[in-house]
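Below, chain A partners chain B and then partners chain C, in two separate complexes.
Right after this comes the complex of A and B.
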């Protein structure tokens, strides 16, 4: 940042004696070293547990990796990668992950923005409503996955009772055992749990729009929909980018709700890329193959984030 | 990108009484908004309230009949959940891991954010972007190499190992947020501190930390709930029951006792209460002038 100053220019001078004893060279060294010393603890952990694994994983993806000690790990070249393109489950999982992203992300954002627009400051009890909308975000995925499983249970599930009420007879739909109803349950759960997150970011963004801007637009006689289209939405474009990028990255790693509700079944039909990668690594012990899958996905997501940020930045200009 | 220093989640509410004409002093245009607010709250809290209701239902009545409000509420499920299945053990493990993750992450991230906010040094922006880059790659994608690394370091099945992984995954976003907050603190305060002979650490501890307390509190809430709810990493790294955290213990619980829904939902309520309490406490600091993610 251009406006940061080097504060060591004002040296610590506890006593005149101490200051003169300190050599200028040692002093300069300290001034130079301070920011690096401050960074050391964070960098050490980050490099060891995040950066090194990225490269390690890429390296692993070229081997037929065995977890068992002493086993040989033959070099495979690109064959793990070519196998990915011929794996029908990868095709299903990619499709499911893609569908998950295009369905859950826009709906979460729409509800989140709507809630942020409605729950304004002058609404009585605004703090309560806001807290209520955010609370699902802090709950545990394992817990809410089972709550939803229970709601959608075939025998005595709340959803079947509601459907039965309309149908006029008892129904026992096994929601989580069939591909599309199971996917729908996973989507509904994920939207429900995700809304609060985009909600608070949109709340902050809407709060940041200058009052005069909105008022002058309204005084000019603009309708509410015109105000939204021409004033509000352009002003929160940065927040929209931020939310889109982070939600897509989050949605691409959909794991726990599928792992708990369907385990990827029936017959791998609800598998996501992440649950399939997990299964390949930790159930089938195909570590090299899973590492190749993970590396590929990391490259795709990184490219997507960079591209999206660039596109939305350009629109800003 | 800028981080606003305006209250967001908890703006001081408009006074209930006499705020305008209409029923109960509520402005007319607010009435339809209130209806929507109630619907939104029902949508958000409904499944959780249902969970609470089920947790008080005698076990025999679960599955097979739809229950909204238990007719003969009982706390038996809670007693069973807490005393059997080493559930209290999982609770303590989660508490240890989450609190340690919060403390270590906040300290390390504050040091780093201070360096980024207040010093000029070669490679500064490069190092910053190295931290930021990982935000674009899902953490879960690193599960396999992290598993092998922990194996090599003899940190598999260890709560300490889990804490290290959680710290690593929470550092980038925390540094990113704290840098913004620290940069917003006027430099003049710091200069006068330095004039009095304070060193870097003293400036950080007695000046920056008190001023950034609301931000640190809110960041701590985010880290706490992330660590408290984390499932896939704990599932992969921890394999002995005595080291399970709550989510792993709960997932195991349902696998072992497929019919014990009552105790399961009681356990779920116990597992959910602390994180909601931490969130509600942190609302206070949202109010005192911090909004995260006001990124425009």
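Right after this comes the complex of A and C.
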């Protein structure tokens, strides 16, 4: 208090009120600007490496774009997009991607949830089994794709050896050379490698359910199946939504395992949208066409993500 | 409606910890039995074994005439209120209350009727469409009670249902619990660590210590005639003053440190067992309210102490004073000191007594003050076993 009295009486301070207002304004400016200044580095990185490539890709989709510096890039308008709707391989790739989602996502979730339910109790050995289920997630897609290629190889593959044991003679099925068996190999690999991810999310969600809720339901007369239906599943609804959305987005972008095992063959029959996009860009050098495909896929996935956010927000209410 | 009966019930956890040891307890139909004890005494294990949430290691539990040792929780026809209320977060209040009836496949209109009836009893009709997250602690507590009473169970179990509420609400809800229990009139087991809750709610109170039943009786008997030092120290707030003493050979006085207080013949007649202790050490207990600041003729005994602290509570004064007598810190009073409220207290060297006296009496910290003792209000305990000396 005494300081303020001295300040007011100081001869150099001709207009203490104005100085105080200036000081307050400066303080407000600093308070307003500081958070934005702190955001600048992250924002620059985001704009450079995320926003710019998206817009560049969208821009490319309207040109017959060439990678060579100085080459002419004729404007194509919407023709890259209209071509997509007339391309039979896009139809096959879309169907394969859809089939991949419909088959691998529910199976991964079902196995992940089952494993989480079994291993949620801290039984002896559960830590080992938890690790065992999760380990495939941390392996390399390229490496496990090679391993699966060897397992399903027509000559000397493990799967043919097993089938041969049952058949009583040597077999040489070319698993990856036929559409449905090749697809099956890709699905099995994807489920095996991906199941640990949904498992770990479900495990955390199940661990988060208060034990007393389950006990209360049991005392209220619920059988185990009804405890799951009325208490467990509603309690992990957020996790189920989260896993569903992210698995679908991931499955829609399936690439490495197909690229490594079948390269989209035979005759494009195992192509996915991502492998076909890659092929168009880096084998056929149709960068504009690939960019148009990528833009369409991004729109679809963006819509799906928006739906996810809406659903999750509704659950929070 | 049914009684609950426990015979020789023991619970040993897989790590070898014996939580409950050979417990015998009978809860009559309509009775509210409170199990009280410090943390870790096994009271919640008892409740969970009755509910079927924990397997029993040995013994027998009956609900009514049925032995329920191996009966699943859902088939025991019991209702339970948990400390956390355990309301289903995704369900509305009405759905929460009606959940048990849905599980029993009771017709929808009947569920609706009974939910509304229970809601009216508890005054929660206006919240039936709300979710538990939109309710306060007290409101959740009422919903939990509604969920329990709507199903008209044979027995009612409550696991520290008021411990998450603030002090004022706890007093309100205590009365509410008593009212609801009286209304539904079934055997009720109520577990708490709060001895005030136990004394105010229980028709009978069972005091547990380290899984062993210490005493089971009406609250007043527990207060007036504790069977041992543990119960004496646990029941009552502030706790009974317990200190080392020596009784004279002719049983006419006891010495507390350097002071002697005279003993009336009727005191010896009340506790004939005292005759075996002539000239020996024992533990003496005095309730805080049995000290008086007056020295009228009705009081024949008195003790002088130095005032350490005066707590004015409005309707009474709590006066902490010290003497050179050695205090006995029973396990229960030691826990009360550490868990409930900080109190000035001796640790065995010098006694720190607490007296509850009428307000308006001039007592000042540092003064030497003479406290009269109500005749016949001394409790005596064996200094080795801690058991009450009665017969």
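What we mean here is this: the second predicted complex is superposed on the first by the 276 of 317 C-alpha atoms of A that agree within 3 Å, B and C clash if a C-alpha of one lies under 4 Å from a C-alpha of the other, contacts with A are read in each partner's own complex, and residues count from 1 in each chain.
Here is the rule we go by: a residue touches a chain if its C-beta (ideal position, glycine included) is under 8 Å from a C-beta of that chain, and two chains touch if they have at least 3 such contacts.
Note that the structure is a prediction, hence the values are computed from the model and not measured.
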* Which partner does A:41 contact after superposing on A: first (chain B), second (chain C), both, neither? -> first
* Structure fact -> chain A contact check, chain B vs chain C, more residues touched by chain B
* To do: Mind working out whether A:234 is in touch with chain B, chain C, both or neither, as first, second, both or neither?
  => second
* To do: Return first, second, both or neither, reflecting whether A:226 touches chain B, chain C, both chains, or no partner chain.
  => second
* Mind working out whether A:89 is in touch with chain B, chain C, both or neither, as first, second, both or neither? => neither
* Asked: Touch check for A:171: first (chain B), second (chain C), both, or neither?
  -> neither
* Asked: If you stack the two complexes on chain A, which partner ends up touching A:204: first (chain B), second (chain C), both, or neither?
  -> first
* Once the shared chain is lined up, is A:212 touching chain B (first), chain C (second), both, or neither of them? -> second
* Overlapping contact positions on chain A, where the chain C interface meets the chain B interface -> 235
* Can you list the residues on chain B that touch chain A in the complex? -> 1, 4, 6, 8-14, 16, 19, 26-27, 30, 33-34, 36-37, 40-41, 43-45, 47-48, 50-51, 54, 62-66, 68, 107-109, 111-112, 114-115, 117-121, 124, 127, 130-131, 133-149, 164-165, 167-169, 171-172, 175, 183, 187, 190-191, 194-195, 197-200, 203, 225, 228-229, 231-232, 236, 246-247, 250-251, 254, 261, 264-265, 268, 271-272, 275-276, 278-280, 283, 291-296
* Asked: Which positions of chain C touch chain A when the two form their complex?
  -> 51-53, 72-74, 76, 78-80, 82-84, 86, 88-90, 99-100, 103-104, 147, 151
* chain A residues touching chain C - in the complex, by the definition given at the top -> 210, 212-213, 215-223, 226, 230-231, 234-235, 237
* Can you name the residues of chain A that touch chain B in the complex? -> 1, 3-8, 10, 12-14, 32, 34-36, 38-39, 41-43, 45-46, 48-54, 56-57, 60, 67, 115, 118-144, 146-148, 150-151, 153, 155-158, 160-161, 192, 195-196, 200-201, 203-205, 207-208, 235-236, 238-239, 242, 245-246, 249-250, 252-253, 255-256, 259-260, 274, 277-278, 281-282, 287, 290-291, 294, 297-298, 301-302, 305-306
